[in-house]
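Both complexes below contain chain A, partnered by chain B and then by chain C.
Our next item is the complex of A and B:
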């Protein structure tokens, strides 16, 4: 006679059985390829070539002397530094405004959310045409109000900000909705208590809203940073030159992921590209850990 | 209890069916690769062989290839040729993935600039001396083909090649008081005409380009080898190991001439009307340098455009053009009977008859020298200038076409956007291309 499992034991057994498939699936398509990429990064792995010699850390050494890789790292830093804070502050503002309106709230919510569900590629091309030097909408407006024509995408200093503006615009709706949900969670009683204590609206915002929103802010900062670290589609579509070479004039907008893509699928240097991927992985890991430690302060309510 | 057993069985079944589905997928793919005659036994005259030919998708090429294959199979009833094609954007990836997996075609169509990469990876077999000896190739084929001679050996051979020509818009010529039937003949005339034909509006916006300026288009091909040679500088050393764009004063002069078109003369702008070809097709550019393949899109997209084509302008008495081509090689997949069949098919593809058909239907020029003297083909006045340049056109040796072009594009951007000294920009471009070459030749 088999020993009978307790009810709890049986329940968890079923949980494990049901979770096995997704876990297997996850291991096969996520974890194993990741580990395999670590392996590839230690080889000189030319896609075309049949022999793929083990070179240990040579790829990494080469990477640290690669000007384009450094440019990509610097640009990616810029994307995060500008897109994340500006995006979060703007969306928090919009969320607060949306929270205060009562009439047609769902309509405004929809309007704000629409950019997030539109196709990134389509919007990127709209951006590209808007900021075209010749006949672009923005330059026509500038011309109309008497400001000189700007090169925008054709400029090594301006192109990246055009891309950043697109990244912010696209993500704004998502951040706003999350913020709005967070704000709605804050019990009104805190605000009433603060009001009775004579707190001004700024004090209420600073001392009630922000601390209560802390989990939301942490979540969004981590999410936004990771997403921005992996920025690709916008850069690829807004600033691609001729015949598939993307990354803006003189690599002024190239991001790490875009560079990885080019290394792997244009130049077929799989090993080298994997090495860059490993570095990106480490960066994302560090940033995420750092943000969770620093931003996730515990408040006593 | 029964229910639980049932559900357990169900889960089990699901897992099994999942695995089976995977297995089936693999299974169904088997027969297609296992076509009759796939054996590597020595060929006999009545043994059936199937070989695979791969090219990128270009509608007229794919259709013509189907016709050629039908004709070839009729002449060689034992050989079946299967054509497979992929979109251009994913072609290289498909080829690379298939080859690294040990599958893929027996005969492959590659851009000539990719050939060194494939040769180095050991994917291509040397062409058989019996049908394609080096002497025979150099004697009968256009001289540009020599660009793909690697360590004294040929691995690929083209059916057709393209040369660059100068397109001019006759209406814009006439509107500016120029004779619409007299295109510029020399570089001096080219610049003079281009300046005259360029139009800016009151706000300083370019309205009509005198000469298109698109570094990502054919501009880079015009620079190397054409301009460099005309300014007295060979772009690359004879052993194909040293980049020489800046090896003499002539090289710097050629580069300065190129960037000054946009910087000083301001006859053209990068990305004007999206790109150079679009600008010309829309009638917004007076002069434009492009290949013969553009004739097709001009015919379909701008049937009313009043334009002419001529040979590239000469300078210092040097007449030359840039030649490029898609070329065919036999991969290491083809062994035994398949190899023999592949050679036969390659001979068929490079016969003069095939070349003539190809020239008429595709607009690329048959790669053999005798095509250049074919009176039938020279009758087409738009195609004639491209054909005439066949014996004088030269190619340029790439080991990594994208990186090479990017280096030059970056050099032009540095000068135009960041006001870097052209000499310094050229030096930096040479340095980066040289490192690619060094890397290629290292082992």
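Our next item is the complex of A and C:
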């Protein structure tokens, strides 16, 4: 009995040696800063002034009366509402097509995936160039087929969709690979049984593929929503003005994270910006809890 | 499947593939053009010139930014691989007190968005004088909760008998971990390594805050600010974008199987 205990004791000693440094890291670099952010959000915390008075929830009250913050929330909702469903439907279609072919499937899979691994900043600038009002490729093509020049990034109504198209284009490959993994796990016998029952290919899709992919769809919807909620780099690079002040004409593309960036690192209003990050955190928390609840359900078929 | 459906599948996939590739072709095309040819809708340059690349390298610290990004991405990847395998292994295979609460503590950090941390991090860097240093770029990525979760999942698949046999052979716990357990989770290691590298190589939000001196920019930060300054000189901007993109594409072509399999695998586990 005794030697066995000492093995256990030795094992737990090693475990503590292995985990101490990383645990300290998580406490110092993630958890304490999070608590600190909550604290800062309750102060009028201007980086440049010595006085940082405690104002309790005033920053939050002010945020809810802040037109730019509402615009940022609304735009971020738009990014999610367009980019996530369109991205998921397109990628499901591509994944089904990839699954239906044998020759060249890995080649097409690679091609679809390329945008996901390349620098977001670089492709944002390519987008910006293609959608230039003067001399941009898209307007040249429109001109060629007889459609009038569009203002795109100069327009308060069009600019956000240009950014959305870039977000979808870049994430498509990732969603496709995850869908493909889900599709490959569906047992072939289900399809054969459905065929014997005389189900058409649409019925097989509706009654076998979609229900079997349900966990994948939930997982991707949550992940894509959280990622799109944090959209920043594309907005910053595609719709910044001459020198760094981004957000599109009349803040028509500004996202929540971009507004946080501007508040904190252009205006140095740290308390106010922290309050906005707390709201972002609460939204992400709600989505994550929702996911846990939905994914906890067992899927029996 | 019927022949005609198959033909349609290939046609649609080819169109999709073209849309995915075309922006890169257009980027390259513009970067090789000069003068008013930039604005012509033809993808083939009238006269191919590499002058734009020369100008980007001469007029900016491009090569330095490249080096900075490489240093940051390599160090964070090595650190994540080292610590996350150790911690993942401990949670999967070693008995110790406080295991569950500590694991929940680590997992709970996954819900904290980076945006919430950047303001405290910035204040911290500001008061310790870390801004504009490699350290400021590095420290947020030294370990990752996702990686720990992933490695734990994979180590749980390693049979206890194998570890017990190594123990009987007289290996100490670190030896068992390194010589017996780690080789059995190699695919997970390569997937985690590739993700970490790409994530840090392309990171933008924190680097654009942590550094504001051109000699310490990472590639994405340098590219963004260079493009902002060279606004409307699209041949230059596209040459810079190509310089930032092409090395990643070359690496991707070599490792594409591992990268895609890695996503496949982690997607199933997560």
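Rule of thumb we're sticking to: the second predicted complex is superposed on the first by the 269 of 301 C-alpha atoms of A that agree within 3 Å, B and C clash if a C-alpha of one lies under 4 Å from a C-alpha of the other, contacts with A are read in each partner's own complex, and residues count from 1 in each chain.
Assume a residue touches a chain if its C-beta (ideal position, glycine included) is under 8 Å from a C-beta of that chain, and two chains touch if they have at least 3 such contacts.
Note that the structure is a prediction, hence the values are computed from the model and not measured.
Undergrad: Once the structures are superposed on A, label A:250 by its partner contacts, choosing first (chain B), second (chain C), both or neither.
TA: Only chain B is touched by A:250; chain C is not.
Undergrad: Once the structures are superposed on A, label A:155 by its partner contacts, choosing first (chain B), second (chain C), both or neither.
TA: first
Undergrad: In the superposed arrangement, does A:46 touch chain B (first), chain C (second), both or neither?
TA: Only chain B is touched by A:46; chain C is not.
Undergrad: Between chain B and chain C, whom does A:133 touch in the aligned arrangement: first, second, both, or neither?
TA: After superposition on chain A, A:133 lies in contact with chain B alone.
Undergrad: Using the superposition described at the top, determine whether chain B or chain C touches more residues of chain A.
TA: When the residues of chain A touched by each partner are counted, C comes out ahead.
Undergrad: Tell me which partner A:21 touches in the superposition: chain B (first), chain C (second), both or neither.
TA: After superposition on chain A, A:21 lies in contact with both partners, chain B and chain C.
Undergrad: Figure out whether A:265 sits in contact with chain B (first) or chain C (second), or with both, or with neither.
TA: Both: A:265 reaches chain B and chain C.
Undergrad: Taking the stated contact definition, name every residue in chain A that is touched by chain B in one complex and by chain C in the other, in rising order.
TA: Dual-contact residues (chain A): 21, 47, 132, 242-244, 265.
Undergrad: Where on chain A does chain B make contact in their complex?
TA: My answer: residues 17, 21, 46-50, 132-134, 143, 149, 151, 154-156, 241-245, 249-251, 265-268.
Undergrad: Across the complex, what residues on chain C touch chain A?
TA: Interface residues on the chain C side: 1, 5-6, 9-10, 12-13, 16-17, 19-21, 23-24, 26-27, 30, 38-39, 41, 83-84, 86-87, 89-91, 94-97, 102, 105-106, 109, 111-124, 139-140, 142-143, 145, 148, 167, 172-174, 177, 198, 201-202, 204-205, 208-209, 219-220, 223-224, 227-228, 231, 234, 237-238, 241-242, 244-245, 248-249, 252, 256-257, 259-260, 263-264, 267-268, 270.
Undergrad: Hey, which residues of chain B end up touching chain A in the complex?
TA: Counting only chain B, the residues touching chain A are 8, 11, 14-15, 89, 93, 96-97, 99-100, 117-118, 120-123, 203-206, 214-217, 269-273, 275, 400, 402-403, 405-406, 409-410, 413-414, 417-418.
Undergrad: For chain A, which residues are in contact with chain C within the complex?
TA: 7-8, 10-12, 14-16, 18-19, 21-23, 25-26, 29-34, 36-37, 40, 47, 94, 97-98, 100-101, 104, 106, 108-115, 117-123, 125-127, 129-130, 132, 135, 137, 140-141, 144, 169, 172-174, 177-178, 180-181, 185, 219, 230, 232-233, 236-237, 240, 242-244, 257, 260-261, 264-265, 270, 273-274, 277-278, 280-281, 284-285, 288
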